[in-house]
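See the structures that follow.
You will see subunit A twice below: alongside subunit B first, and alongside subunit C after that.
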Partner chain A sequence: MTNSTATPPLASGTADGPVAEVRDLSIRFRTLDGTGELRAVDDVSFDIRRGETFGIIGESGSGKSTIGRVLAGLLDPSDGTVHFDGHDRADFSRREWRQARRAYQMVFQDPSAALNPRMTILDSLLEPMRFMGGMDRAEMRQRALDALERVGLRHDMALRYPHELSGGQKQRVNIARILPLNPKLVVCDEVVAALDVSIRGEILNLFVELQRDFGLAYAFIAHDIAIVAQISDRIAVTYLGKFMELGRTDDVIDRPLHPYTVALLSAEPQPLPAHLRDRTQLRLEGDIPSPLDPPSGCRFHTRCPWATEICKHESPAWRELRPDHFTACHHATPDGLPPLEIGSDG
Partner chain B sequence: MTGAPLGAAPEPLLNVRDLSISFRGRRGQPLLQVVRDLNFAIQPGERVGLVGESGCGKSVTGLSLMRLLPSTAQISGQVHLGGVDMAQASTTQIRRMRGKSIAMIFQEPMSALDPVFTIGSQISEALRLHERLPRAEERERVIAALAEVGIPAPQKRIDDYPHQLSGGMRQRVMIAIALINRPQLIIADEPTTALDVTIQAQIMELLTRLSEERGMAMLFITHDLGVVAETCQRMITMYAGQIIEDAPVDDALMQPRHPYTSGLLRSLPHFNHERGKFAYISGRVPAPQDMPEGCRFAARCAYSADGCENPQDLRSIDAKRRVRCWRSEELSLDGAVETPAPVSSQTSGLSEQMP
Partner chain C sequence: MNDTAPSQSQPTGVIAPRIDRPGFFTRLLHWLIDDPIAAIGLAVLIVIFSCAIFADQIAPYDPTLQDYAAMLEPPSSAHLLGTDDLGRDVFSRLIHGATASVYAAVLAVGVATALGVPVGLIAGYTGGWVDEVISRILDTFLSFPAIVLAIAVTGVLGIGLTNAMLSVGIVFAPQLARLVRARALVLKQELYVEASQCFGASSGWILLRHILPNAIQPVLVQITLLMAVALLAEASLSFLGLGMQPPDPSWGSMIARAYIYAQISPAQMYAPGIAILVTALAFNTVGESLREALDPTSRH
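What follows is the complex of A and B.
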């Protein structure tokens, strides 16, 4: 059993090396009034492996979308590094980046947001290819129509406008837009949150199918833990800009190491009759603290039933407690968390 | 007994009969019917979930019970609340009933709260509509109300403005306002949808506790079947403006009798499902302007057959269940569970008796 605290070394640049490597990443934003600084992401390290689905869960404001924007090359680190296919983002020239960035794409929650309401679907599909350059009009058109077909839309959709499409169809167009760019990593930020439950599965299956056919890697961000669990190979759990836990999906869901993961899992409402619901319930008291003034020590200590003195003062190290299963918690052991005694948290 | 509301118990608190709602379109556009012939009842203290996909008419139904729909709405049918016929009631009578008999909580607490007044003064204002108290006593009542909805240090928070509170705290304030005059029925329209899951769990627990302590009935409007399972006793499922199933919540979850309810349950993601394989219902809801005469779900239904093109009645299939599907008895439909073992519980170090 490894118990190291070190940041993993880079496996850079090999054909089956990670598609993205993030090391000691911090993202700071100036606050609105310009006086303060907000650490949206604080010292996070991880890899996205080729062809995998890397799920990111956590509550609002925990930094999920900010990490996503870094992975799609839309935001540069304040501190730390990101390597794309083995190359440090900071070392790309403008021209090189313009060519390289097509491989790292993002799909957003609002199906309408990325589509210009006054452009036909075909024009929306051509736009990213035009930006990329290097193809004549006939070729671009052919690729656009192929992409439409690939996401299950008929060719006659090409001449329609966004308002003539349903939410699910628009989300298909958003996926079709990036396919001609041959992406390697697609950041999916709440991509089904705006869709009805009954049709989400259809879109999610499309993502899975495209991944299989094109070898895409996904960074899959969502509030709905059950969706993330059903689509991801690995899951990262974020809280106030930090990773609390990272591991293979089954390990994180069935054998969580971090109290916050336990709390998230037991807060998820289960559509089951009372006698079949999981009765181990961990209810968190209180609110999520302000990211402008995060708690000292472990950021979760103000809401954690396991918290002791050390948690208030010392930021827990990022440890690999089980193979490929990391957490930052003073109390976690390779066997999980120690039993909570009733009333031990006062 | 076709379509008669369930729960034959003495006198329902709320009795809705043949409620239909249409909207007048702009400039010569035709009338669009969005809710059709709704029949249901709620008993005192009962918590009922109202579910269905976006646009099926849940919010419009809730608003119509509060008489809060805009003037472009045309409403027909009867609504009796605590024995009072709401259609016959005068505006002053309705105003008196709002807050005292029936109150509503919305999804977005920020837009429902006035940013320029303290939360204390907004709760006082709601109280004053029904009760005049000496100032000091009124303040006491407001502080007690804040404490009851779990606002820490209510003596201090009472003078805060809405923007000084988190989303969860604002929703607690909205609940305090809705409950200050002790209504018998609360209509909660997606009250936790905008909140994080750990905060949602707190608010659901709060609402359930208050409903139990006060014998207050609740109509819980949501698209989240998990929320209904954990808070309600009965589940009414709507599709395209109609009730298609009405059943005790555990029965609806385990043995749905309408293919749409079943499809919805099967579409939910689950920790235990096969990785990368999602169920769904193909097709989409028909638009109000081209609603079929027959079953409104037929075009998406895996069980549609000759006969589904006929209009479907909401039939009582036993003492506690109604369903709008003529094939209901011959179908065997999947519920929320394939294998009766849900999420594994040997996780972590939690003991079963955790508070």
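What follows is the complex of A and C.
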């Protein structure tokens, strides 16, 4: 990914430039004993365009949530840059950033933990507005109640405490909290993973409606490719801190370029009986390797049916094989992956 | 709970329900009705505080007036709780002693809270070398036996009830600081703190609105326990002659004095002893109940 194509020039600064531009992002954590280093994210570059839904999928430990935290400004890059609306995060002063970060919000996986148990829903809704200034209490209250209504909750919910609400209601409150801030980018980190399956659809629809009404861009992080595919315009596939593939949802789902994406898709339950499926089943052997000691060369080579000698030694370049469709794989061609000689058991 | 948008139940044109919380006194009343034992504890504390404030009006005698004709007398209609070894009215001394004891306990615990809570919050929330330095200092304080440390601090500050209780407060402070630090360490990782950071909250806001309210529960219990311990510490220090100076009464100095005559007149110790016991119990009861009442998740 050190290839120069990985780092297109910044297109920011203009009104329709990307909301967020990430270049060569690496995040490293020191292990607790101080001897090792964990590369949670390794040399990743991408843009989030205005008003789009940018899906990020991957297994746990793939670094997808870490990328989300960087996009919400909760974590600073160890290496590389993040530009928000054309401004380098590193150039903001503390004070400026506290003002600017309102536009880049986050909805968390656990809707209960994101609400202070000792604050009423109304207080939680008022909290973000207090830092905006320029509003008196009555006005803030009205906006809070409007936001509550907008996400489909009754006004009298405002008086309750978080533990008196269901998971879905709490997630609605978390969404309502950020609406008065007029965010441009909302990082949605596994926002439906903790919810009942029956409620997931409603919450996803709410996200879609709000995007339509307010022109929000989403960084939609999930481990479930079906959910990401349903809501995203583009999808990035992460594995051990690196991007494996990035492209428009249709392209990635229908004509995947990377073996890992193929494996993820084939792990999805399919509505057709086996003899009618056009895809062969591809099972991955073993677990995701430890990010403390990632494999050499291509990080996926230990589990990849296509892997050859070159994959063990050389990290594949990040190539744009089709228009707006990138991958990092030695064997991928614009027509996809070559047929497997062995290992497929359709 | 119904999770879908319940817009049917709120047709337009109907006045939205009032979005107000019940007032302080309504909530206080509900709390006391829900927990009668706490109500008794609170009543006891009110009586004791009233005695402390209106001691001059309530006490039938001057607490320092000596009557050598009536020494170590048992309770009678003239002296409700009898007299001590110098013929002073025990009841009057008990009432006036409340002033000293309540003042002592509140002062000590107030100092401990004012020092310990902010130090603990800063150590836990800031972390890093700040936490290291503060924690080592706290460990040093905690490694001394409390009463020895209090005596040493009193030695520096000078003898007298106020100085004695200031030192007790300083000795108590590390306990609270450690407690608050531990809570702050956990709470700063909470998701709602991160959410608040995303909104642009300052560290001060996060400490006051998120960390402190969620850290305060165990602190309240500890404070009420310390109130009881402070009463006893006052007794110990006055017993050693470092606290309340004769002839002025405090419950501790009364016990100290009665102790000398324990074999002749053991009843002398009962009045101040029971007063300390009841007050300490009342503080504990109210504190425990307050802890529950302040936790919204324990309400129904």
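The rule we apply is simple: the second predicted complex is superposed on the first by the 322 of 346 C-alpha atoms of A that agree within 3 Å, B and C clash if a C-alpha of one lies under 4 Å from a C-alpha of the other, contacts with A are read in each partner's own complex, and residues count from 1 in each chain.
Throughout what follows, contacts are C-beta pairs under 8 Å (C-beta built on N, C-alpha and C of every residue); 3 or more make two chains touch, one makes a residue touch a chain.
Remember, it's a predicted structure, so these values are computed and weren't measured experimentally.
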Touching partner for A:223 - first (subunit B), second (subunit C), both, neither: first
Partner chain in contact with A:173 - subunit B first, subunit C second, else both or neither: neither
Which of subunit B and subunit C A:41 touches, first, second, both or neither: neither
Touching partner for A:199 - first (subunit B), second (subunit C), both, neither: both
First (subunit B), second (subunit C), both or neither touched by A:282: first
Touch count on subunit A, higher of subunit B and subunit C: B
Partner chain(s) touched by A:267 [first = subunit B, second = subunit C, both, neither]: first
Subunit B and subunit C footprints on subunit A, overlapping residues: 166, 168, 199, 202
Contacting residues of subunit C [partner subunit A, same complex]: 1, 3-7, 9-10, 16-17, 19-21, 190-192, 194-202, 205, 209-210, 213-214, 295-297, 299
For the subunit B and subunit A complex, residues of the former touching the latter: 53-54, 152, 166, 168-169, 196-202, 204-205, 223-230, 249-250, 253-254, 263-265, 267-271, 273, 275-282, 284, 336-337, 340, 342-345, 347-355
Complex contact set, residues of subunit A against subunit B: 59-60, 166, 168, 196-202, 204-205, 208, 223-227, 229-231, 249, 253-256, 262-274, 276-288, 336-340, 342
Complex interface listing, subunit A residues touching subunit C: 72-74, 98-99, 101-102, 104-106, 108, 110, 113-120, 122, 127-128, 131, 141, 145, 152-156, 158-159, 161, 163, 165-166, 168-169, 174, 177, 181, 199, 202
